[in-house]
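One chain, chain A, links the two complexes that follow: it is found with chain B in the first and with chain C in the second.
And now, the complex of A and B:
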């Protein structure tokens, strides 16, 4: 009984910790993004002097793959968390990613600096996650609508959202930043400063998610809910509140992923998230459906395979087809994914 | 507002093609409970199989044969790893495989056969079918409110006959012992297994039949339009799902009613939108209509999962 009280008191600190965590993340982003602003002038010189050197194609693609994998991980970790806690394969997650880019673009257009725009996008993404869960998903859970039915609801949501985003953003491509990328050369590979910031932000944010899941009470509660919601509920964890927080996290992480993806690809449009939706599913399934760190491992594999395969493929536009093939192959030989527990899934 | 446009879309080959694909999905989902999220992939396989054969000089019948064989092989390829697994695995694999077909089709790699991302033009494969048309000479014929070219009349005739045949097939198989086993699989796999039936084999048969119907729908769609890989993406599969769930899964006429209502409402919203919202730019009208499709799908699942004709007791989505 005393333990329960203790837990109850601790429970009041949950929002505080979340706030602290978000502040830390934002602070980290600020610090990191301040550095290359000074370095960029230097970079131009470096790039000029070493413009003649050839980069190694394989290593360069490996690096691109890791970068893309990290971005994918950031975008898909929410997908994995939602699957783990609610059993829902959320087909509208791609639109969450696009929404981040769209919100940032709207903020930039209104005159906000890029960093502020990114923060606004992350906040808007979190708000959209909260709104969705309040208005839609929690109601569906209350009505005991099966996860498969919820999946079709998410398909409907994706259809509605992608078209509303198209009405909002228009059909043309948009750019978040008009600055021209310079590239640093490190031996056989080259990388732009913007990409380096993106990678750093990804690593920090993913680290924060990992810390949250492993070290905080709420994170442990999240893992307990994903393990067995009924048992978690019986031990005094408020399952619905955990799921609400997972939705908020998922929305804001996807939005951050969307912003970084728009910067990485240097362009975005209303279907940017929809294009990577299946890559996210591939990553999450490959890593182990619902496994908290599966998304990271799976994303890195997907990113590296997609980029490195362009070296060997007859035409580079087949790179996503290779990922789809890999997904099917994974389910054939190891349906539980790389990190998933072996269980009976049939 | 032009009521004729709505009437024209209701009888159009596109509606027939989607009705066929939805009947195919009804075999998967309505009868067996399989979550096939790649029906557009089956359509694409069908239209590629047909159009490539014909454009490379094969006959129409060979084209149809190859298109069906392609769909059968695709079903075997999809079902083999996943039909033993939980339902959502089939959903992810089918959607991934359909996407793979589209990506390979639109790739520059096989451009010689598939035409790359622009696909195959109608004049490369429509010839043999249009030459069979009994409606000669070729001209525009008006019957009541419908005014079409004779080749479209011919296509519509074949398309709707195919829909009727498919619906008849569903009606007959649904009542047969075979259909009852499938419904048993849908309701309780283990119970069927304990009766000594091979669940895997029955699921595979349903996947193949539905897939072949999807391929047939694809061939008819290609005749009404052209082979375009990008118009057979994920979203197209979602439309087919909306049609099936709208009309009522596990019913004979549900998919047909769903397809007719879907396209009629689509055209209706497109015509209504500029009247209600005069500020809407022309290029925003279609996305708005499609957004309504999504919202409609959500409302359908939440408030009437059995659709218009369906029976709520029969269809529970607990896969």
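And now, the complex of A and C:
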């Protein structure tokens, strides 16, 4: 029993290690090929707007990092919750983020105001989470398919989904809002109202997730399932019901993240979610696998380190390499991640 | 025909984890309401598997499990909790990132209205848990975790409690405490089925014992009878077992020899 559990735990963590290795590989490729516009966009903007001393640049990048970190956290908290409760490293989570932007874009195109479009996107995201779990993931769990195989299924799903999204959205970039954003100056930093609203929405949504996990019975049951699903079931918790709710939440949060990311970057396309997928994995791993608040802390660290590092780097294209280097160092020193904790033995 | 006093029965269970590999090969048991049953046997006899088969955690391929005459074979664990069966696993028996109080709350997940009154009862039964209610369960010692696990299983006020090696890995003092507490819980009217490696201590406190061997129930008798049975002593209790307590507890001359279980 003990060995079986131990082996089970190892099996649960194996796919994430694979994900981590994939992340590092892609980061290396990114550095070599110096993937451009996306990576350097923020730093360029900052240079334009601050136009002053290095301190101004630093503060502006810090603010940008916090903003991006919050958006990343919103997108990745569902990834973390799904991993915690099911052991699945869901590679199709990026497409869930894109789906939110696509649904909002479709609603805006149909004439809905932006706020309503965002609500529709969040609802559609939740519905897609419910549908996925009902049709696919719960069936795989019922057949006791191991997390590793489930991860491969999620990669296949991601490939299928990204193509479907391309058919839906087209290959071109889309914008949810065509208005030109004014920027307000606050001392050495500047920020636009859309970004401020995005940050506020992120903080409220992440606070709501925290409240749910800490202060509600269902949230505590979710943490119990993430601690030990077999024990949760033996205690009388309906594990499948909890996981279904987590999928709905995850879909909604990812969709909201997709909408806000599209507003923040002022553009989106069929691969917007896929581009940040590996950063989400990095954030979740850095924060502590399966820890309810690991995604938040990890994302903030990833966002801030990536943006602030551009002040000191010869080229901003290296910023994600710095993030990955920091991830490796952190895991060498603290294998359980920033918030993860070693359990007492005996 | 089921004895009306029988609360839970297992009839010729054949069960195992992998298809085609049976761990239980026709294991049977009848437990009367309010009894404390000890299940002992050598390693690999199928003791823990038997308990898990009763609780729906191992698929039963043949045979039947009944609770008060109702067939509960292969019902999911959360449904069995609803019907009044509690289970305490041997290892990983707490939610480590939840506090003690949150662990107890999860125990009453299906009956939130009774949570507060049951919690108060548990803090009476295990005062140390009340004092450290906000401490994370993952930081507790093995003995303390065992207490949390027992308290959590009792939160639904079960009529049957299944304990999988509750003394495993505990110091001798903690083991004694666990056995005494198990007896106390049983005295409140809860039927207890306890699988134990510490056969001697288990048989000392239980009303009846079952000896499992190679997936079948080989013997059943009262705890005292089994303690005095030469074959049980030789095979399961060892020759060092003639300590003072046991001699006091088990009068060999008075105890009849254990009878083989009529399971065939």
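Methods note: the second predicted complex is superposed on the first by the 287 of 346 C-alpha atoms of A that agree within 3 Å, B and C clash if a C-alpha of one lies under 4 Å from a C-alpha of the other, contacts with A are read in each partner's own complex, and residues count from 1 in each chain.
As a working rule, contacts are C-beta pairs under 8 Å (C-beta built on N, C-alpha and C of every residue); 3 or more make two chains touch, one makes a residue touch a chain.
Not measured: the values here are computed from a predicted model.
By the touch criterion defined above, A:131 reaches neither chain B nor chain C.
In the superposed pair of complexes, A:315 makes contact with chain B only, with no contact to chain C. Shared-chain residue A:58: touches no atom of chain B or chain C. More residues of chain A are touched by B (comparison of chain B with chain C).
In the superposition on chain A, A:115 makes contact with neither chain B nor chain C. With both structures placed on the common chain, the touch criterion links A:285 to chain B but leaves chain C unconnected.
Of the two partner chains, chain C is the only one touched by A:221; chain B is not.
Touch criterion met: A:155 reaches chain B, while chain C stays clear of it.
When the two complexes are superposed on chain A, the residues of chain A that touch both chain B and chain C are 346. Residues of chain A touching chain C in their complex: 1-2, 5, 217, 220-221, 223-224, 226-228, 230-239, 291, 341, 343-344, 346.
Across the complex, chain A is touched by residues 35, 80-82, 84-89, 91-93, 95-97, 99-100, 103-104, 106-109, 234-235, 238, 241-242, 245, 283-284, 287-288, 290-298, 300-302, 305, 316-319 of chain B. The part of chain A that touches chain B in the complex is made up of residues 89, 136, 140, 143, 145-149, 151-153, 155-164, 166-167, 170-171, 274, 277-278, 281-282, 285, 313-315, 317-318, 320-321, 324-325, 327-328, 331-332, 335, 345-346. Across the interface of their complex, chain A is touched by residues 48, 55, 57, 76-78, 81-82, 87, 89-98, 102, 105-107, 109-110, 112, 138-142, 152-153, 156, 169 of chain C.
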